[in-house]
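Each of the two complexes below includes chain A, the first together with chain B, the second together with chain C.
Coming up: the complex of A and B.
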């Protein structure tokens, strides 16, 4: 395939990504799965163009998904819970500014990723050969650290010392509950035929929609919070030092998440945030932008490395089953495609943000309702009625993390727990314990 | 340093013990225990000990509304007594006897328990009028502010924060209490408002003038971003309270109460002066080499009792992880009580950087990650990186060494600047002394 084909299919991917990714809970993996598996996209997209199409979609997702994060993740009306920095900006009428700060981080992440690609073939094989042998250690270490490092927000004002302690620790208990409940659900879904094997490719979709999409949409619907008028000027109030610090930490977290299987962007950000000791809302948002980009796109780009190909992330697995890039030419094209898609996605996302900022105040509930219906429809279309049931159970667990004031990332127990059980050879034991095994 | 830096250091310590690394191949994750131990000093302090601290003074300038986890608390007029003076509260009631002139709005507010005169000054007047849409006879309004007294009469002053005197008076009282009773602990709460926003304030202990100074700061987001940078009106911006007894401030910066939580300040009498002990529950017994050795010994006994063949390396690695934490913290300002119970006080740190310093944290984490990589590489039957072990260690340490070099150079520069400032100060003192002598002679 020539450079023109690369440009065309990359831009097509960008368009698809921009079209869907701004909707809350709408993950680009679902779109790719829909197009590739059920939509028959592989019949009209040439096989060797498919990686570039997916690359374009992933890049635009990494950019435009910030819109749903900023505009549609609003806390409840009493706001007794902690707000994310983006939510604070939205409440203050500065949603578009939050988008811009995050996008600056994303843009920097794009440049860093593109610049680092030439040295990746030199480093990655060694890292892979050494560290892959000890994945269980790193994964377990991260889970233990997540629990140990939970910042105890509650209890400080209780009357006596024991009550202070118990109230504070109820938060950790809540985290353990969310982790175990989501892990158990993941274990059952991944190890039984509760969802038919014909939908094995998208088995995780209802889980993720339930854990990370639906709870926020429901909270939006239930909340009485009016999202005020938004300032749509292209201005940001930040400083370069904070931005650079955020980008550095975010990029580091992104690489960690991209390299290690099962470690997501959020977990990578947790690690990098601690290591680089980040503070401040704008730093956090820039960090998130860089982090998400390198996590999603970096993981996928490893697929293009000619001598050290790594298959990381759902998109890479899906693409590698259709076409595996092999040549240095494709590798060079991928870097160019990455930069092209980044530029277009940046401009497109800024425009989309302005549009959404203008309508979000007026149509907030209606949009949320439409999205809720859409999420159920996706789950139904991909996995049938049982998928919807699974999604609703996941949504209850996901919402409980909000109400228990604990980290939402504990819902990742859905993947981590079954994998840890499997890696330590205990799947049979757990199946038996649950009365599911032979 | 940050928790994860310590945690990685513990994991790095574990990888130096081959039996622990080899056990991973058999599904044994004991290698994680030294990492847990390395984080344990902070875990014990922040997740356990902190909640069992006993306070002599609990200073909460803005009590929370029950069930809402934020200030101001709604109270009845009758509840506003002298103890509540300066605290941020909210009252609601019917308006009468309104008097409004530029810069000063006054009215009487009556609820089912009594009446009080409400005064709103300067921008607080404008804010109140904007929030209520105007105040007229017969209206029912809610007003946030604090109780004060004018000519002995109670007045409710409309404001968006407590008066800083509430904190200043109580911290000053705590210092005097410590002088008289030997020790005092003060818990100062933060000010959390609607929408997960916070009112920042600063407590400055000025030992030279025996003054506790409290400055009310801007409205901020949780992470510290200012949301409203208008300074508080002059009548409630700064408050000073003098102590009867002398005190010295040990921690070199004012205490800033921001978003995440309040803080705890200890005062301890040493001779004829009261010394400040910043965060008295932190870096005491938990951050001592002795505690590290004790907990490692417990681990050894437990592992041996369970029949583990890894008891010795596990305990040793865990002790090293624990100690690594203490050594890393010693690079900062605060220091630790290194040999508790044999030592009573914290040994001040080297002051290479604050515990949250990005460069120090990153360089340490990078160094430890390098150690982990090198050790795991050599634990494999055919090491993927074929460099000899010392060379690989040197290679993975080089970037951190460069960063440490930068930190040390910066530290030396700051030291030199401090010395120069001190010389200058001495020169001024000498000149003043000579001038005084001359005046005296004249």
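Coming up: the complex of A and C.
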């Protein structure tokens, strides 16, 4: 495929991404999965063009999904740490500004990722060889760190020792409950035929829609958050030092998440945030912009590294099952496509943000309701009625993380727990314990 | 409300709601309780449904290359079609083997720590065994494979019954359990393990002792790797067709390999060799001639002693260790087995050192073809070709070509620099009418 084909299919991906990703709860992975399930991906997109199409869609998702986060509060786990700053900006009529600050971080993330790509073929194989055998240790340590990082932080103001004790431990206990519950759900879904094997690739979709999509719709409907008129001027109130600090921390978290399997942007940001000790709403938002971009797009770009043999993230796994980029030419094209898609996505997202800023105040609840219907429809279309049941159970667990005032990252137990069980060779033991299959 | 609380309320309102009040108050405690109850109920439902939804048995042909089946947990059942590949080079033991169910072939992987447990329990599939396993599928662009999920969901139906004693093997015996007993006529380390040629008395049988035996019993594997021709062994195993046509016996575990005794070696003269057919012998003789046999990747030797002359064969690895300087001056102690009247050499060791004598270059003639000689001179030039190197040696009375394989040149190129004075030892050969010395080992060049 020549450069013209790369440009055309990348831009087509950007168009699809921009068209869907601003919608709350509509993850670009779902779009890709829908295309794959309906056969669209392999009938009208040439196989060797598919990676570039997905790259365009992922880049535009990393940009435009900030709109749903800022205006509709629906987020995937990677957005958890920016919810409160963006929500504050939104209710203060500065939603568009929040979008712009985040986009600045995303743009910086694009440049950093593109600049780092030429050295990746040298670094990644080495890192992979050194660290691969310790993945189980890293994952276990990260889970422990997640619990430790919210260690007893709310009990100081209670009246007596018992109340302080209960209050302090309630948040951690809530986190443990959510982690184990989501892990158990994930274990059953991944190790049985409760969702049909014929659509195995998309069986995580109802789980993720349930954990991260539906609960925020529910919260939106319950809270009735007042959203007033929005200021749509292209101005931001921030300083370069804070932005750069945020971008550095975000990029670090993004690389951690992109490199290690199962670790998502939110978890990477948690680690990087502690390492770089960041403060301030704008710093946070810029940090998350860079973080998400490098996490989503960086992980996928590893697929283009001819000698690295790294497949990270759902998109990379799907694409590698259809066409695995093989040449250095495709690798060089991918860097160009990344920059092209970033530029177009930035401009498109700014325009979309202004459009959404004008309608969000009037249609907040209606859009939330429509999203709920849309999420159920996606789950049904991809995995049938059982997928909807699984999604609803996941939604209840996801909602419990909100109501228990704990991190929604714990819902990632859905993947981490089954994988840890498998990596330690205990799948059979747990299955026997639960009376499953064997 | 106290003044402090009122001020706090105003600050919070200004910060979060700009004066507008939330539409309604939500009792989070009730919602939290409700969400926990519903979560637990939902999980009970899912586990109950999961108990009735075991992984389905699928045909390999139906799932191979189907990217929608990526990550599907399914059951597959099929016959093992090849030897398992067992690797521990990364520190994490990996076992992989292909199975076929008639509709297609699928590679199955058992990763650490399950692999170590599988090895410990003897769950190592061999060709002909039936495997029924729950696996998670991985579908890539060009191939599909399955990862074994749990050993409790991994059933191995081994080829069973009493092993059939055999003297020879035929392709028709593939995937049967046999027992072979005899003396080792040849042992060599190959990529997949140690390959033994066992003389059963009624013929020869190839036995592969795979590398995985070294992970089960390192001591035994080391003994097998060091087996000398003539050692007595008994091996039980499955008949596997190497490259689809060459039958060899493959033991399943260490208990299937028994070393029954060390080789018996007979002292003999060259003239007595034909009388020791099939036996392991020791001979002291001089090398009178050397010729490379490219089809056998080894050397035909003419050996002589006071009783006469005879023929021997030594492969390259044996000859590489024979110092040509010493062999030029001294007799050599050969050990090997007599096959068809020819001594197949397993080791050769010169009994003395080099006496310092050399042959003038001008004296090296075509009539000396095959003889080991030592000459001295200065290197007039070296030409390295793709797989060989040719040097020119200038000395007493003229010039002489030195021919050497690339592997030998790699070991001597520091000594064989242009202008350097060297002493070389090798055998005389004639190529296109021109006499040359072949350096068959890096030991053949001295400064």
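Worth pointing out:
Here is the rule we go by: the second predicted complex is superposed on the first by the 423 of 438 C-alpha atoms of A that agree within 3 Å, B and C clash if a C-alpha of one lies under 4 Å from a C-alpha of the other, contacts with A are read in each partner's own complex, and residues count from 1 in each chain.
Basically, a residue touches a chain if its C-beta (ideal position, glycine included) is under 8 Å from a C-beta of that chain, and two chains touch if they have at least 3 such contacts.
Computed from a predicted structure; not experimentally measured.
When the two complexes are overlaid on their common chain A, residue A:424 makes contact with chain B and with chain C alike. Of the two partner chains, chain B is the only one that A:131 touches; chain C does not reach it.
In the overlay built on the shared chain, the residue A:115 is in contact with neither chain B nor chain C. In the superposed model, A:400 makes contact with chain C only, not with chain B.
Touch criterion met: A:198 reaches chain C, while chain B stays clear of it. Using the contact criterion defined above for the overlaid structures, shared-chain residue A:164 touches chain B, although it does not reach chain C. After overlaying the two complexes on the shared chain, residue contacts for A:91 are found with chain B and with chain C alike. With both structures placed on the common chain, the touch criterion links A:222 to chain C but leaves chain B unconnected. Chain A residues 88, 91-92, 133, 424-425 lie at the interface with chain B in one structure and with chain C in the other. By the touch criterion given at the top, residues 36-37, 88, 91-92, 132-133, 174, 177, 181, 184-185, 188-194, 197-204, 222-226, 228, 317-318, 320-324, 386, 389-390, 392-393, 396-397, 399-400, 403-405, 422, 424-425, 427-429, 431-432, 434-438 of chain A touch chain C in their complex. Here chain C touches chain A in the complex through residues 15-18, 20, 22-24, 26, 28, 31-32, 34-36, 38-40, 42-43, 45-47, 49-51, 53-56, 58, 67-74, 90-92, 112-114, 117, 134, 136-137, 139-142, 149-153, going by the rule given at the top. Residues 2-5, 7-8, 11, 24, 27, 29, 31-32, 35-36, 39, 43, 46-48, 51-54, 60, 64, 67-70, 189, 194-197, 221-225, 227, 260-262, 356-358, 361-362, 365, 373, 376-377, 380, 383-385 of chain B are the ones that touch chain A when the two sit in their complex. On the side of chain A, the complex with chain B involves touching residues 75, 78-83, 85, 88, 91-92, 125-127, 129-131, 133-134, 136-137, 140-141, 144-145, 148-149, 151-153, 155-157, 161, 164-165, 168-169, 172, 245, 271, 274-284, 424-425.
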